[in-house]
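Look for chain A in each of the two complexes below; its partner is chain B in the first and chain C in the second.
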Partner chain A sequence: MVPETAVLNDVFIGKLRGIVKNRLSTARSVREQHGHDESYHASHLPDAVVFPTDTEEVIDIVKVCAEHGVPVIPFGTGTSLEGHVAALRGGVCINLMEMNKILEVNAEDMDVRVQPGVKRKQLNEYLRDKGLFFPIDPGADASLGGMAATRASGTNAVLYGTMRENVLAMEVVLADGRLIKTARRARKSAAGYDLTRLFVGSEGTLGVITEITLKLYGIPEAISAAVASFPDLKSAVNTVIETIHSGIPLARIELLDEVQMEAINKYSGYDYPVKPTLFFEFHGSVNGVKDQSIAAQSIASELGAADFQWATRAEDRARLWQARHDAYYAALALRPGAKGMATDVCVPLSRLTECILETKKDIEKSDVLAPIVGHVGDGNFHLVLVMNPDDPEELEQAKELNRRMIGRALSMEGTCTGEHGEALSVMIALKTTLDPGDIMNPGEIVDLQNQ
Partner chain B sequence: MEMPKPDQTIIDRRSQIINDLHSIVPGEGLIADEGELKAFECDGLMAYRQLPLVVVLPETTKQVSQIMAYCYKNDVKIVPRGAGTGLSGGALPLEDAITLGLSKFNKILEIDYDNRCVTTQPGVTNLAITQCVEDRGFYYAPDPSSQIACSIGGNVAENSGGVHCLKYGLTTNNLLGIEMVMMNGEVIRIGGKHLDPSSYDLLGVVTGSEGLLGIITEVTVRILRKPEIAKALLLGFESCESAGDCVAAIIGAGIIPGGMEMMDTFAIQAAEDFVNAGYPRNVAALLIVELDGPAPEVEHLISKVERIATNNNATYIKVSEDEEERLKFWSGRKAAFPAVGRLSPDYLCMDGTIPRGQLAYVLRQMSILSQKYGLRVANVFHAGDGNLHPLILFDANNEGEMEAAEALGADILRLCVQVGGVLTGEHGVGVEKRDLMGEMFTEEDLKQQQRLKCAFDPGHLLNPGKVYPTLHRCAELGKMHVHKGSLPFPDIPRF
Partner chain C sequence: MVPETAVLNDVFIGKLRGIVKNRLSTARSVREQHGHDESYHASHLPDAVVFPTDTEEVIDIVKVCAEHGVPVIPFGTGTSLEGHVAALRGGVCINLMEMNKILEVNAEDMDVRVQPGVKRKQLNEYLRDKGLFFPIDPGADASLGGMAATRASGTNAVLYGTMRENVLAMEVVLADGRLIKTARRARKSAAGYDLTRLFVGSEGTLGVITEITLKLYGIPEAISAAVASFPDLKSAVNTVIETIHSGIPLARIELLDEVQMEAINKYSGYDYPVKPTLFFEFHGSVNGVKDQSIAAQSIASELGAADFQWATRAEDRARLWQARHDAYYAALALRPGAKGMATDVCVPLSRLTECILETKKDIEKSDVLAPIVGHVGDGNFHLVLVMNPDDPEELEQAKELNRRMIGRALSMEGTCTGEHGEALSVMIALKTTLDPGDIMNPGEIVDLQNQ
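Now for the complex of A and B:
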């Protein structure tokens, strides 16, 4: 825990109050809620939290902060797993959850314009009777602003991509309070630099997102999901690779190891076999989905899958994916009071089996409790290192395990979260140019103070 | 079209610069002879021409890096050039700039079937990538009509599309990694064979940056397995509105065709006269809809599309019988530009993109504009994603007609922007649409884009005069140097 920051400046707080009236808090409890996310990362409290209700207020808040050189930390649902919202240098946390309106649905063009505080489930409930949906589904019911800022991915990224592919345009308040639009509603554009992609995934370090235009999709005619358990991790991972190589258009494919399955059973009261498991989902026409399912099942069976449970009814599927979405919380529940360090690596598909198996061996050698889950279809997988971050030895062991996993991924031509490689100099130049005062979520992505 | 004023001091140093560059790229890699320079005086936008100061054709990343470092140190401007097929003048030379051509970067470096990707040098043509993997049943999805000639590096610089990008995305959705030389000569790698890591999406930023941010020296793209089967439908309508409604209904039904193209009467007649593609001549609008995937899925979708077309008053429906016929259907569309070109000494090709729902309205307005200017407009476009390619026919020998055509083009693009669209869907801004950027972006939006440029090229040496109407100095844009992280106004009270 960092020490309390210095005394609040009354003039500054007075200016903020002039903008948001009583929607400002400096109470410790409120600041604590906004100083951390759902990860093990230590809390760093902001000095104040404001709750603007429109873009104009955000502009005014950022202008006052820029004038005083005070850090600005945008905040959505606080469900990130990477410590994105920690106020590393204090400052003003802008909670955007009051800006939660769905502004415009263009059913014909299949796009929607929302405020950043709209949550993904809220959006999908709103869209359901229009036959449309927004597919990106990180585990938590996150805000769309937060999802854009962190370039969220989800279980069906294999078919629909990540936020990168699904944000058409954004309205952003820049570090000095100016408001820009990054693009327009058109599906394609070759006009000017692609600022939309720059802001997607910029983690609040370049500006505050105040509006997002998203791509929507028609709800598929047929959806079918399945759970298959395998004798060992290797056959499960190989099934993923085989299925993808055979060209079966998967909408979702998720790997959960036996530790994670046990956690899910305990957490949600299921009785899945405690074995390495794959969750599948297929989207398309009735016949197409049937064909795809049969093809995938035969690959899985050939590689040793024991049982295959189908879920075609919507409520069965919802239950199944809820179990997957709860994986992080289920893992933490294995050890009450513990915190999670979620690791995130991605390797080329050809190295996936090797990377997962070596990682599994490494976990087994250590004392750390670390279930494996992964979107795997894109070579991406995670460990949830369940531990007590206040125990220095345990923390160190977990960090070591993570470091080795990152090293392994990198040696296999892969990548990991937070790895900037050779382009670091460009990232620093970008941050310095677009936020010269270093007030936007300082310390995240590139730390100008420590360069 | 006004280009930045040439720097006479650079032109005066021409022979020195040639000597210096020769020491980096020996032999034929340097072109200084006026006759030979002619070949580089324009790209696909032939209305504008300018001889470059000198052309340099490096063969290695190291040479590119040395050239860039040299230019950086000596304040020499650079215009990058791929295959020179661009339609917006992105590779238009400048009198005081060297043109850096990447035609010698023509090798495919690695084919990695396990990871479904190909790594190539930037001068390799788009089609060559598909050709090198097709015997194993793979292909590279973005397919600009110029794919036999255009280079993959140019595709990245322009974020090129093609008829199949409705389903498979633009270049930006199929690109996995690049090697790029920065203006100061530094060589960086962005992305690779894997999913992009979490951090600033530099790959996304560089894609479509029209050679203003760096020189791409290596490209890794995703390859896809060829769909099991592909079939195309021709759907004819008595009005463009019905065709537009049909497009909306297909997409609205959750069907994403591999390609969905529309042509108006004028384009249909021209294409039919030219290649005999088997199009009906008595319709006002024609849709070509391609469906691809596993055979049962395709059959199912075809019957669905047929039903939708009937409900939207299609007067003509034909499904391709075999692969030969499918390709024949496409031959007319792919040859539409030269076909229309035969009818007129000159034409301008526009590239506006609109939200699909505005299609019928925009087509109506366009025909009003066409009458107002007294110039014929043929329409072929990527209907599925709302990307229009109106072709404005004119004769440059008739006084004032070129100017009228340009004014009509500008009006059409303004119309696109008015309905929520953009100036260019896939051809880029270059010099052609540069002065219209203000129609689409506010001054603040444009300044922010140019700030981004400052992070890559603070001296504005890379491809100046392109894309942005006014060149702002980086200092004017409020760039502030932060030394060792010390903040501005250090003594202002903080919490």
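Now for the complex of A and C:
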């Protein structure tokens, strides 16, 4: 067990400098940048930040940390909303953004091997003239290492899946400095335990990701997007459910309530109707997309949608999705100086309408400003609780809303971040086996010090 | 560590009988049925076979086995081709086929919860009038528990994925008798380590699966299948690659070489041309399937395909796929009394033509009868080495062909069953943590006794 805050001595710092030379900082401003993400979560500063440029350096850093029992916290763009990167027990933050090379594109096999600091927009720009793209899109221009570590999802998970389905293999530095490859590049494998999936979503608690092989997709022949406004939340959510059930292969379907739409209009200068709204996107052949669009519009219209606006030109679509991706910042801008508590639940589709409507009622009964947005095609939605975390009463009210939302989701056979149930003991066993010294992002996922 | 073969004493058998009453057998004929699968692998008989009817019984059986250090081997239909169920160290075989209830269909959420002994055809018959189906189809009418345990793939993995992508959650009895749920029923989860994927493909070595929640799909509006013959293997494989690259969303694409086609004609009374052949299937809307079919046929024709035969009626398609599924038995029937060694490799698509052609050349240089079949859309193909395993020379020649095929696949960045590389140490650590007594299907995946 490491001490609550590891204070780094000169010998230790000297060893790190021997590895990364001047790419190490203990300056407070640098540590502050690396002690929080974009959420309300309190900062926890690392004691030092290092910027390795290759896998060998990462191995050496981890070995030194293991020898001294110092925590290791991998860091990408810091755009998480869930406090993943806080250095809860201090230690060494490994900023992986200098490792940002696209190592190998196999266009024929539709895969790519990248370093963890490659950002998703950088990758897609690089791929564009090859007719390929990487679809996972969590909104922020996150690093692919961070997206793998947090099992990122996003607006088009309903068609392309999440990082779980799109990481083919990884190279990981374990807690003792050993380097492993979790799988080979081939598409299928019946070879042993699924280590790739064990490390995807492990949030830096089992090792440091130093390479990722990702599945790519052909850029669809046709893409079409649409915005539809609804008289009430219920008809919008029911449109989602009916569209999914009809078998239309939606690429994206996003719900934004009227509070969120108002925020977006103000933040980005749009004039969308201030009503519950769905954003759609369809991918496919020209005829296929036409068929899908007509079918979806017909369902939406029957359920009361007005203002079906189409966006087929790339720049119009980009503008539309930018608005959706700015939702979090737009929500915060409703109340300057406020911070956001992003909540995340997922329920079976059959319970989605009920879950969202009860949550909405609960928000309206409180004083908290809380727009609703959601990747609703998977039964997944979020609140952004906009509040002042320094006001204990506000913070408590927000936490209480979140607690009730989680309880509601769980009672509907849903999930939420951090809910492990009876499987917790297995997760503790896995963590203990792969990181016996509890040095890898300690305190996240399963907290070995507080069991 | 358990002894090489656990001889079960009366006290132990008495305890098992207390749990399962008369649903226990130590008769040699029953043990023989449970000591092998449908492959050439040598039999390894369990010392007893039990037939539990519910999860509580499985828990109690595993607890008694754990207490006595006796191996536990879960058993489904015994249709594996890779020796998964051999009781390498003796012990108790748990036949799960009495646990064959479909527990809960959530049509709206498109999921189903089943016991492990439910067979895939039974499930699809049950689902048919709900307009839903479970697509994974490894050929044999396997149990869903066995399919999850072996991470089964099949002819339509290219569109629907494998068991890895289609198991939403499982209930598992661990080596000490603890019961865990690996996840909840919701589609996405960012909650902790991905235990579902850890147990999918673990081949009974980490626990006994007692419940499985599976993703379902709507039965497509239109389905169309086709058979195309090619002048040579190369043009057939290249057709696969070009079709995949063109973005046509194939539901199935299967390669059978001329040796396999001859075997099928003889075994099933067909009169397909004795040439390298592709079987296609397309799923989608009526127009979508039409577009796909035309596009695929045009690629195949350009590469030299003749005899494009369409099958759109359900009974014609059933006949076609039955022929494909009988491939293994048809191959064995080429030489009455022979046994099959099924080999399984997967390479990146860009190396597939080269890998198959080199393998074919290698077969032709040998005396071994070895038809080629493959789920080639994923770069995955098989040989069935038809031989007499009691003839040491033949067995060695077959093993040598297989070794060269594996070496070839690995050199092309492919995978094969049992190839773990540097990640082996992590797999050993996981196995040791979750099954410290090495009682769960010992000897499979990672052999703790031979490291």
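Heads up, the rule we're going with is that the second predicted complex is superposed on the first by the 443 of 451 C-alpha atoms of A that agree within 3 Å, B and C clash if a C-alpha of one lies under 4 Å from a C-alpha of the other, contacts with A are read in each partner's own complex, and residues count from 1 in each chain.
FYI, contacts are C-beta pairs under 8 Å (C-beta built on N, C-alpha and C of every residue); 3 or more make two chains touch, one makes a residue touch a chain.
Computed from a prediction, not measured in an experiment: that's the story for all the values here.
**Q** Which partner does A:Gly437 contact after superposing on A: first (chain B), second (chain C), both, neither?
**A** first
**Q** Could you say whether A:Glu108 touches chain B, chain C, both of them, or neither, answering first, second, both or neither?
**A** In the superposed model, A:Glu108 contacts both chain B and chain C.
**Q** Kindly classify A:Arg187 by the partners it touches after superposition: chain B alone (first), chain C alone (second), both, or neither?
**A** Once the two structures are laid over each other on A, A:Arg187 reaches both partners.
**Q** May I ask you to decide whether A:Gln322 touches chain B, chain C, both, or neither, giving the answer as first, second, both or neither?
**A** neither
**Q** Once the two complexes are aligned on chain A, which partner has more residues of chain A within touching range, chain B or chain C?
**A** Touching more residues of chain A than the other partner does is B.
**Q** If you stack the two complexes on chain A, which partner ends up touching A:Gln309: first (chain B), second (chain C), both, or neither?
**A** After superposition on chain A, A:Gln309 lies in contact with neither partner.
**Q** According to the stated criteria, A:Leu174 is in contact with first (chain B), second (chain C), both, or neither; which is it?
**A** both
**Q** Please work out whether A:Ser411 is in contact with chain B alone, chain C alone, both, or neither, and reply first, second, both or neither.
**A** Neither partner.
**Q** Looking at A:Cys346, would you say it contacts chain B, chain C, both, or neither? Reply first, second, both or neither.
**A** After superposition on chain A, A:Cys346 lies in contact with both partners, chain B and chain C.
**Q** Please report the chain A residues shared by its interface with chain B and its interface with chain C.
**A** 106, 108-111, 150-151, 161, 164-165, 174, 178-195, 197-198, 200-202, 218, 220-221, 247, 285, 287-288, 291, 344, 346-350, 378-380, 413-423, 425-427, 429-434, 445
**Q** So in the complex, which bits of chain A are touching chain B?
**A** Chain A residues touching chain B: 5-9, 11-12, 47-48, 68-70, 82, 90-91, 106-111, 131, 150-151, 161, 164-165, 174, 176, 178-198, 200-203, 217-221, 247, 249, 284-288, 291-292, 344, 346-350, 378-380, 413-423, 425-427, 429-434, 436-438, 445, 448-451.
**Q** Which stretch or stretches of chain C touch chain A in the complex?
**A** Result: residues 106, 108-111, 150-151, 153, 157, 161-162, 164-165, 174, 178-195, 197-198, 200-202, 206, 218, 220-221, 241, 245, 247, 285, 287-288, 291, 344, 346-350, 375, 378-380, 409-410, 413-427, 429-434, 445-446 of chain C touch chain A.
**Q** What part of chain B is in contact with chain A in the complex they form?
**A** Per the stated touch rule, the residues are 112, 114-116, 158-161, 165, 169-170, 172-173, 182, 186-190, 192-202, 204-205, 207-209, 212-213, 225, 228, 248, 251-255, 293-294, 296-297, 300-301, 304, 351, 353-357, 385-387, 417, 420-429, 433, 437, 440-442, 444-446, 448-449, 451-456, 467-468, 474, 478-482, 484-485, 487-490, 492-495.
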